[in-house]
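The first chain written gets the first letter, and so on, giving A, B, C and D; residue counts start at 1 in each chain.
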């Protein structure tokens, strides 16, 4: 039976999810919600999470010495190497278990958490290497579409037209021109991997994907849209409903790729135009004030439509055809 | 005790020591001239000779990153690298020391790019001299074997908890075949013993946080701890060296004085060149010249007291550096010179940079440098070059 | 946290050996709006608890018990996700005389 | 008194086995209770490029770690490499050993070397005995004969230890025959 919110609440009446109060993330931040859901699911299913964190907002704000917001084993090494770091932890676990140096009756879950900077960009090599080597770990990307820790710079995940300090909307250039990297397909290209998108606004989908990742005999990867209210320039209380909107507008399609087999996990019966997702965020406001704003939004609409159709086609084409 | 004497390369000596140490985790990436170490070790793993789990990482950066994870988890962890590989690790080399993880890493010294060059000099390891790692230097393959085994004990000692680089000269030692006395497996195993993990991540009963944001209120205190741990190395090294002597008959120290008793002209150097210097010292002694050698085994922490003790009152001291420090005095020279600031009777000092990018240093060049000292032609703040066309 | 310690009084390597010490750190004073909870409207759906980024919702066995103002930063997510409008965000100035 | 070293320089093409031959020699010398070094010279060259390897042999411990500049013996595994450069630095009483089917005159002409030259048809012998044109073993036999730094027995024992487990009895015998023929068939001039 899948975990429900009520069930989780019962389980966590007298225990913490691994993350405690007193962290110093911005009010309304999506990242701690993402992390909390992942850890609660693992703990509820009897796993002992051991976690690695890439440098970023959440890493900084949760461990300001001598304070730590973690009650699970936690390691931060650097910005670009959380996947390699957790691969070392996981390997140590296998080695020590094999040689009888640690008890073998525990069910560990090795998590690596990183933002989009640590995942799409500077940490991509480390991530690719760890996945290719087949370590059993779960990589959770909390994707807030920019380098928010350093104050809203462009990342490989920033959508076109979003105003950032290193790709600002200017008189000549309308902000970032390039589309987001398709990180899930990059990861899914490693063949023996479970890769999926998720977001807190669709909690049951998110929880079931964590469950699947926990039991997957190999590396798994979840790209979780996790708004940064500050630099998306949305009200602090809209963190959750904006991610729902992202799904309803095809901006953030929910799907998974299990060893090459695509499955779209949420198929809304009707969609909203992507402009609804764009217009609620003031990071797009400078763009929207430009005379050709409509054109740019049309382009984005066409892109999300095409990507959706492509996903459905991939689902059809890869059905029952796992690469392994 | 049964000792095996084998003709092996420095790379084999390192790999063989690693086999006997049998770390829990090895993460490594090949790079010339370190490659044979990871190849030999991979074969031990593939043949089931060791129980070690090997992580065939995609870069040196990930090698050191994975080892930080493995060592924090509570595993005995090792890697090996050279030159650009070490440079790529650099950021994590510091982190490994700062997190006080007892990782041991053979480093096969090679010139740093650019231009790219695969041959020996010490620029790679010198770029890490302030990283918080203990740095040991080997004259030959025997020392590679011995010091790699000793390094494990030093790194893991409760008063130390610092990583160690065991340096050997690229190709000259790593690929040269020499006689090496190998200890039996069980002797090495009982010497290195078992790692006693400190704050292991895998202890979920006692969850710890590694690598927090450490701001101006505590960062300095943590650095002071590292400074103190480095000071503790002297005492611990001596103790472990004594223990190693009992099982091997070979005695190590921070420095090795060679024909120093009455020496008036002394050379100071790191690595394989010391062997060549010994040869020249023997020759010059035959000619009645009072020359000697002070070989540096331990460069970090720097054995200042020994430098002062051995060099005070000598007529002249020549320091050889196999790396340059652009815009400053060469690293070993700078350290020796600064150590002698406080001594009452200062020798004449001279600095020679040699052997960059694998440039050969032969007995004639060493003799030339000694002759400069003997004829009192050294100038303390003039850097000279051995084997360079000028 | 207590007085700052000397270098030889803290564990090596910056490692924090006591879990969850951040609980000692008050984040409630960041708040400019306060969520006020109306038990009569609440259906204990646990949405607010599930989504609170600061883990400031108090519940027992899936029964809503209130809000921990020592930690609550006042983001208002709880009020926004509440299907029954059982949580209202009110300016902190209204409560400035009260102790938490 | 500084130890006296006996030094050998090997010339071959990368992949022809000078490195292995020099290593095997060092190991055999070591088994005799003496000291030896073997070290190749590395560049960026790939198979086929001219390369060099070195041995340094002594009754006492060898500390020196510089390149060999004044070899007592130069061994040329591939006679297409013959040129004055191969005998560069060779000591006055030095010996040049060449794997060749050419006469000594040809070698003198190619190298301008006036000292002692020893030749043998190592590749032919290798083909006859071990059915493969790998002349190392044969040449090591010749080195034993000419230099006296290593005994034939020690080389035989080394080959037995090294190949004993990997090769069939027949192949091992063939290698030992190749070694002995190298020892017996090398001919010197000057």
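To be clear about the criterion, a residue touches a chain if its C-beta (ideal position, glycine included) is under 8 Å from a C-beta of that chain, and two chains touch if they have at least 3 such contacts.
Which protein is which chain? UniProt says A = Thiamine pyrophosphate protein domain protein TPP-binding; B = Pyruvate synthase subunit PorA; C = Pyruvate synthase subunit PorD; D = Pyruvate/ketoisovalerate oxidoreductase, gamma subunit.
Computed from a predicted model, the values in this text were never measured in an experiment.
Central chain assignment: B. Criterion: smallest distance from chain C-alpha mean to the mean of all protein C-alpha atoms. For the pairs A-B and B-C, the count of C-beta pairs in contact is higher at A-B. Subunit A and subunit B have Cα centroids lying 43 Å from one another. Each chain gets one centre point, the mean of its Cα atoms, and the points for subunit C and subunit D are 80 Å apart. Distance between chain centres (mean CA atoms), subunit B to subunit C: 52 Å.
A straight line joining the Cα centres of subunit B and subunit D is 34 Å long.
Subunit A has residues 63-68, 70-72 in contact with two or more other chains. The residues of subunit D never reach two or more other chains; the list is empty.
Within subunit B, the positions touching two or more other chains are listed as 207-212, 214, 217-218. Inter-chain contacts, as defined above, occur between A-B, A-C, B-C, B-D.
Touching subunit A in their complex are the following residues of subunit C: 1, 10, 14, 16, 18-27, 30-31, 44-47, 49-51, 53-56, 59-62, 68, 70-71, 73-77, 79-81, 89.
Considering their complex, residues 24-25, 27, 51-53, 55-59, 61-62, 65-75, 77, 91-92, 95, 194, 201-204, 207-215, 217-218 of subunit B touch subunit A. Within the complex formed with subunit B, the residues of subunit D that make contact are 1-3, 22-23, 26-27, 30, 35-40, 42, 44, 62-67, 69.
Interface of subunit B with subunit D (complex): residues 5-7, 32-33, 118-119, 139-140, 169, 171-173, 175-179, 272-276, 278-279, 282-283, 286, 360-363.
Interface of subunit C with subunit B (complex): residues 4-8, 10-17, 19.
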